[in-house]
Amino acid sequence: MSVTYIDAIREAQETLLREDPRVFLYGQDIATFGGAFKATKGLAEKFPNRVFDCPISEDAMIGLAVGAAIEGMRPIVEMQFADFSSIAFNQIVNQAATHFYRTGVPIPITIRLPSGGTPGSGPFHSQSMEGIYAQYPGLVVLTPASVSDAYHMLIDAVALDDPVIFCEHKFLYRWLKSKSINDDHLPIGQARIVRSGKHATVVAYSAMVHEAVRAADRLQQDGWEIEVVDLRSVKPLDIDTVLASVARTGRLLALGEAFPWGGVTAEVVSRVAAEGFHLLDAPPQRLNARDTPVPYHPKLWAAHRPTPESICEALRKLLTF
Amino acid sequence: MSVTYIDAIREAQETLLREDPRVFLYGQDIATFGGAFKATKGLAEKFPNRVFDCPISEDAMIGLAVGAAIEGMRPIVEMQFADFSSIAFNQIVNQAATHFYRTGVPIPITIRLPSGGTPGSGPFHSQSMEGIYAQYPGLVVLTPASVSDAYHMLIDAVALDDPVIFCEHKFLYRWLKSKSINDDHLPIGQARIVRSGKHATVVAYSAMVHEAVRAADRLQQDGWEIEVVDLRSVKPLDIDTVLASVARTGRLLALGEAFPWGGVTAEVVSRVAAEGFHLLDAPPQRLNARDTPVPYHPKLWAAHRPTPESICEALRKLLTF
Amino acid sequence: MPTNTDGVVTNRDFLRSVFHSMLRARILENKLSSLYKAGKIVGGVYLGRGQEAVSATLGTSLIQGKDFFAPLIRDQAGRTAFGESMLDCTRTYLGSAQGPMRGRDGNIHRGRPEMGMPAMISHLGAQVPVVAGMLFAKRLQGTLEGRVGATCIGDGASSTGAFHEGLNLAAVEKLPLVIVIGNNQFAYSTPNSRQFVCADLVEKARGYGIGGFSVDGTDLLACVSVIGEAVRRARAGQGPQMVVARLLRLSGHGEHDDGSYVPDEIRKDHYGRDCIEVAIRQLLENGHATADEISSWENEFSDEVQRAVAQAQQEAPPDPYHEDWTALATRFPLTASQPTAQPVFP
Amino acid sequence: MPTNTDGVVTNRDFLRSVFHSMLRARILENKLSSLYKAGKIVGGVYLGRGQEAVSATLGTSLIQGKDFFAPLIRDQAGRTAFGESMLDCTRTYLGSAQGPMRGRDGNIHRGRPEMGMPAMISHLGAQVPVVAGMLFAKRLQGTLEGRVGATCIGDGASSTGAFHEGLNLAAVEKLPLVIVIGNNQFAYSTPNSRQFVCADLVEKARGYGIGGFSVDGTDLLACVSVIGEAVRRARAGQGPQMVVARLLRLSGHGEHDDGSYVPDEIRKDHYGRDCIEVAIRQLLENGHATADEISSWENEFSDEVQRAVAQAQQEAPPDPYHEDWTALATRFPLTASQPTAQPVFP
């Protein structure tokens, strides 16, 4: 018996529906069909009138969720793909994100974004938008990398009084398995050291945590011990854990799957440079996807995103600087 | 006789309409009325059937511009405020920005965004979105800070074969004056040193260039010589000029008016940290707006964005580190 | 909405109540306009002059504490009718920290979502799905019965994707949403001819599968009967209702704008008349009010306005040193660090 | 569109031509489906099975080199009719570097904008204003006369803000845009009842002030006459035209989906019939083709498909080492530095 990342997301939603009458699910094809990725499979039957198929109207979906949240509900909205949240952009960044600041009335909505690249998915079914949403005040942006985090962080997301952008990685959906959902449960806003080391720190999140661990495994054969920090939450950002790690290793590689201008890696590097300058023994570096849309063909895709090979290469340069 | 920043933008559009039959203007209230800020005043009369009022449909406005660009035109689209481009977000980042990469057919459109804060404008008429758009491959993002740049860069923007996000600062519209539009004309992608110094470098863009210069003037009274770099273009980013300046001064403050997570200042600091680590004598720092929506009341607004006072304070800490 | 002891609203009382809100709003807005011209206002001033009959009728048709009302930029009268205090208005315009938005947002954006009146964002059309969501919540909570949610928008906003998605969603969910489109013939400077092609915006209602009504927005009696009927139908479970009210904006788009692009013919035609004058005539002709009463109301409301302005003017503006500068309701522990505007040295 | 020497299309030739595209598309898509099941396809496969009559009629009604056509996900037949080469299709699906998108984008997203056929993005509704813009450009260039732009979309896409804004804009600009809505009763798994409320989507046309037509999308003769008329009206300067074609998707949403959520009653009702079978019957009954001809076409097109697949399969995939990894057309000087994916040490 094993639990996948998507199972965990389904389970979390089941738990939430069972335990919190304020929760309902709203999204395209999520009721009878159970969602494009089956994240809501069977839930419509178990919880009649709590799981709704909706028209192809991302902007209105978020608008509805905001209105329902004003009236005390805790909606979870599924975007069919993160990329389609561009249609709901205005409601997310201007309506949901500003509401508490402006009015004092919180908007506890959770927006699930199936994110990140998979081979053959192309420019519009592969995007990683965490670095876009994190720029806006008033949003919490979460990026679980493990099966247990997928479960616990979704539960925690719904408990937060703020709008949460919940970035699930599609590549992890079925690929990532775990014996069970464990109780090793950190609060939102705390990063996790998933592999300890002393020669360099890789700060990653979501699927890239696993690529970083692979790269670290390879480099271990050459005697390098790489510490891998899983941010878990990109906003808020646990810079203390990152700085503590850099204090141990003296070297930083910030790793992300998103486009290379700005984004999470720039925020991490610039904060470490500002607050942990004296801890650094080498220039802090970033590794991101390339500066083009996510290509469709798997051969191009594999060269577009960071891989264990390119991470190793980056780390070797960093280690020998 | 003097020329304001908004005059320069109007002049540039007049020049473009006169000299390039491929150019047309599309936007809300830009024809008879001449635009909310009068950036197109009189142009509809001078150029019949080249300047169009359109429905309140930002998404379709950009869609139309993309289609027209495919067929060889060079549209300039005015968003009434930068903040409303959130409605056109999908067409900008997914249609316009990806088109050349995907198809090889360029999309030479220029999207004018009246950007930035002014007192009493509040959360939805004050945003600085350059750091959002710059994250997307396929866009050029320009942020002119001077009257002459406003003119020349708009002309250059329309000449580029790529979609350009042209961020005009509303605060500069009427406040910034110049004797005339000068010929001191740098190519797109080159930064300008607007004030030279040797103790620290402030990298800024748009209205913040002027705040930086004010702060530098004040610090000069204490004997500090501050170099101010105007990025002009945030994507592409002239990191060479920035590095050369940091090489002279050893200290960096990246200054922006946008929200503090990520954005231009994070990109600048993280690139300098990576590529110019050895040049730095102190931790590179950032100064941004606060992490809330842009507040409406002038007293809150003035404390939300960087000011000469807060810039001086940041610089003093940096200089004495 | 005033009810007598049996909960039955008499037509006379209802009309007088609508008219009170119209007049209060007009007097208040005239004052705001003077204050704007005197440079006393923080931010812009956008008036509902000429649209009071529509807005006040809608606000009066709603039940405060039960219904929802999402006002837009020309809804001072509707706000007043729905029970917004005058101080909420003057405090916001005059920059008092005690206004409902505490200086964080302004003027026409003010709202009290906890009282059923959401605070609009500028992006036109965006409030439509929000009201739908408020109603949707009530359905899930089992308390939708007999409840209505309403919003007003302009002709220009009918061109937004948000309007379309929101209204269609409300129709699919069969929610008791009343949308009142004030077709004042212009969106800022843009005439209807550059905004839509159908002869009357109400022709859109059929495409959404919802109820549709047209009304002369300058005619109080017509507004009361048509908007009242739309609200009744929504309340009775007949799904969303659209009312298109034809009228003319009797000011510029905002007080910074003289509206000189509005052609004289349009100003002089039927819809260019002032709904307050029409209402006064109608009240007098039908014996619902006397001229003396009306002038006493004018005095009364002018006093109210003066007091509300005077009080707001005495109050302190927001103090940036007491702001907590976070947009989040959650107070994360310090390890979960938020971005800092200021430099952070080690 | 085949014309005789006088430029007049005979009905018989036109019908045969439409049918050719239908059949070519069906055979090609059947092959794509097998290749998908055999794991030979890069990415997903979305078929137009059951929608060929509508799509091919539209494509055939357009003039290649003059008109614009923005196909959507179920438009293999329309693409074929509009002159897209079969190799463009197989190369994309099979991952050849020589396809029109060079491996950068895939399958149904392929296009040749320089030939009047824009490349769709996934976001539904987004192509509507793009086609409007192409037409708008031609008006400015003085060459709009007699030209038409067309796009197909689904019932689900009618709920998008992009559809609404784009169509309204086209109406305001009075552009010769033909929008064909293939109402196949489902959007992925979502039935019409959760998508819109009006009885027939064509009821939306009036609200946009544009022409509106309904047609049985399984009936070739009806499609030819109704879609043909819509295209003629647009071409004649009567502004945008909407055609709503009722039909049923005869596959899953994509080949990964068995469509088991479609109730049996719907599969068995009138619109569940296969438009290709209907077309064959109509051609035979009207003496426009013989059974022998039809089977010879089947053979011919099967051979074409085999060849196009075989050729694409031999071709090399894109080579990441020869990519220039920039999304910009401009080559900025090196000082204007672009973000680098890889670390950049001093």
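Order of writing sets the chain letters: A, B, C and D. Residues in each chain are counted from 1.
In the analysis below, a contact is a pair of C-beta atoms (placed from the backbone, for glycine too) under 8 Å apart; a residue touches a chain by one contact, two chains touch by 3 or more.
Computed from a predicted structure; not experimentally measured.
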item	value
Chain D and chain A - chains in contact with each	B, C
Distance-maximising chain from chain D - centres being C-alpha averages	C
CA centroid of chain B to CA centroid of chain D, Å	39
Between chain C and chain D, centroid-to-centroid distance (C-alpha), Å	44
Euclidean distance of C-alpha centroids - chain A vs chain B, Å	30
Chain C: positions in contact with at least two other chains	101, 104-105, 109, 121-123, 159-162, 165, 168-169, 172, 194-196, 326-327, 338-339, 343-346
Multi-chain contact residues (two or more partners), chain A	54-55, 57, 59, 83, 86-87, 90, 94, 97-98, 101-102, 123-124, 137-138, 235, 259, 261, 267, 274-275, 277-278, 283, 285-286, 290-293
Footprint of chain C on chain B - complex, ascending	28-29, 32-33, 36, 53-57, 59, 81, 83-84, 86-87, 119-125, 253, 259-261, 283, 285-293, 295-300, 302-304, 306, 310, 313-314, 317-318, 321
Contacting residues of chain C [partner chain B, same complex]	42-44, 95, 101, 103-107, 109, 121-124, 156-157, 159-162, 187-190, 194-196, 261, 317-321, 323, 325-327, 338-346
Chain A partner contacts - residues on chain C that touch it in the complex	100-102, 104-105, 109, 111-114, 118-119, 121-123, 126-138, 140-141, 161-162, 165-166, 168-169, 172, 326-330, 332-339, 343-346
Of chain D, residues touching chain C in the complex	159-165, 168-169, 171-172, 174, 193-199, 201, 203-210, 239
Residues of chain B that touch chain A when the two form their complex	83, 86-87, 89-90, 93-94, 97-98, 101-102, 123-124, 131-132, 134-138, 235, 254, 258-259, 261-267, 269-270, 272-275, 277-278, 280, 282-286, 290-293
